[in-house]
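Going by the order they are written in, the chains are A, B and C; count residues from 1 in each one.
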């Protein structure tokens, strides 16, 4: 088996006095989409932020593409080709949609073909191109946050709850976009509460519980095992839609 | 955020409101120009401070040190070039002022670099220590100024071409104030263009709003911060040099004195906002001059009153910066 | 007994205890040990500044807020007494009126500033207090009809506090006059105020303040209104500072902006508390003694160094007697970096 693109071994993270991650271990294979599931407070967001270097791992090792990134600074981690879409979206409200995307394209002005591809999926971004991003609706902000992560090809995308609060039509576009990305240039690690969405898209799954990864495997097997789902996710998971 | 014009309208409103109180249009014009000149000088000194706060949540209570250093360096250069200063040629005058101001900016900028390293960097994210250490930096810097330049105040006089006033009928406008207004507007325009039209400015604006996310996009915000800190220090030096020429005396306490006005301005404007800083500076400059004319005894209290009124209206300042 | 006087907050270090006893006893016998106007003046100043610094420590060390307006309250107290003594004549009624008026003004002002700006961040409060204090200092020097402007006020103290008042001959060669009485008035009042502050910081109220300092959000979540507590702390600190000011006015028979309102005094208090040790109360005592000594005697030391370096141009200036603040400023910065708990913290560590 080839070396995984991303691997976490025994990662522990403290936030202030609180011990959040107690030794997280899982792998993300190159290509495809891994869903990171778990109840609220299991440590999913903290895991993504620790990978990004936004929280410091107190112990353990994080490797990306064969390189130890545990102690690297956030900008350097990003420059290895990892993009992050936080749950709060964190778009720059005072900047226009255009400026948000120009900034995200590190290596120069955004490529027009790529922009067109993004516009085809997230039409609102084209419509509000020169509007301050703070004026967008919640769903549009989410589109912008995702667009910002994919404005240039990145090897690994870390995405925190992309469907939260989105209308079904937009979710469908999001699914299309993610599918194309994972079949093409990128590997995706997505935190998700919406299990229907997770099942449709996920190739692999890692389920967190209380600061650890309690289960890792293929999405197909996990989706078939409702007892395991019940055990790991309980009723907190959003299974409708 | 839709463009918010309301705070901007305060400036003409204040100007027009003051006219009937002052009565004489001639005095009003003089006072207004004086207020704009004062405001723009404060703006030059305050702009860097508000940006460094926005970017890294660092408020440098020692900012006044750069102002004072700028004033002293410029004074030294101008005293050394005294013959050019007193020459009856505007070009020779400018040939003295130019290097003086440049030297002030360079020295203040270099000092800023050192200050950032030694004083500010070890206490990132710790507000209490930050306030204490940067205040300590101000104390030490003020004493060092006295070590280098001696404890006495230095008297400066403006170059020949900048003395006196332009006369239009019975309206008198001091020449130096016109220069201050021009320089202030140039600095403002340069800052506004950089912030709104360049990639660097984009980064700064994004960083003020959410520095962590800018890092996640792959930009090293620390470096950006150091750059802004140095430029802000250099601008403080420029402002200090101008202020020294305006007062025609330079003392080691100048930094701490002007810094109070600078703080008031950036509180009024909204911490982190350059546009707010601009509006706040003009309001402070105009108010100080109008009230100074109408009720000289309470002139300096007027800034506090202005600040209180603004904060009652907008508790985060005129242009609150959208934070995370 | 001792435990209850000190509110259970013992020095917890032999050397610290020793130093405190030395200060307590030294100040008590100072008039007899070091007779002379200058040394008595230094001793009285130390007493007043101990109270002033300790009240600032309540804010800075225990509550975690930086106020640059502490000297303003000090000045309000001093001017309260000074103005009433000037206007009403040299009686105790004037002292009482002035003290109460100073207290009221200080508390009202502290409440207004607190409610206005304490709900926001530390930095905001620091900036606003700086602005208000500097405006106040300028206002005080502008309203010369009331305050005497830059020159300040010179007034007569109540008769029993004057040098001309005598209540006996001499004791150990020291004249038993009103100045001696005045000194012991300052001494006892300062001691009582310090013990009162010690009691406050060791009360449940003090624990809440420290909880807020450690984690304001948590304290708020548990149900403490942080704004209210911080404002109360800032009122107590302001009131104590005003009382310290009143004591100074009662001691020196003259009050002017330089000795009560200036930013230099603010810097002095800051240095006292940080170098002595924030959040310890005893640190304020040590810091105040150290700084007042430095002001009065470090200069002599520097003068020696200055003479030795007379030939070297810039270096000699570094050791100029007037540059004592430079060295204390450096000490201050080093303290914040390396010994955040100051001298007291160091002493307690190696107990």
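Basically, a residue touches a chain if its C-beta (ideal position, glycine included) is under 8 Å from a C-beta of that chain, and two chains touch if they have at least 3 such contacts.
These numbers come from a predicted model, not from an experiment.
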Chain contact graph, described as a line, ring, star, complete graph or other shape = line
Which of the chain pairs holds the record for C-beta pairs in contact?
-> B-C
When the C-alpha atoms of chain A and chain B are each averaged to a single point, how far apart are the two points in Å?
-> 44
If you average the CA atoms of chain A and of chain C, how many Å lie between those two points?
-> 56
Separation of chain B from chain C, taking each centre as the mean of its C-alpha atoms, in whole Å | 33
In the complex of these two chains, what residues of chain C are touching chain B?
-> 60, 64, 66, 116, 120-124, 126-128, 130-132, 134-135, 138-139, 142-143, 263, 267, 270, 274, 314, 317-318, 320, 322-323, 325-326, 329-330, 332-333, 336-337, 340
Can you name the residues of chain B that touch chain A in the complex?
-> 1-2, 199, 202-203, 205-206, 209-210, 212-221, 321-322, 324
In the complex formed with chain C, which residues of chain B make contact?
-> 53, 59, 61, 119, 122-123, 127-133, 135-137, 139-140, 143-144, 146-148, 150-151, 256-257, 260, 263-264, 266-267, 271, 297-298, 300-301, 303-304, 307-308, 311, 315
Spell out the residues on chain A that touch chain B in their complex, using ranges where they run on.
-> 52, 54, 73-75, 78-79, 83-84, 86, 88, 90, 92-95, 99-100, 102-104, 106, 132, 134-135, 148
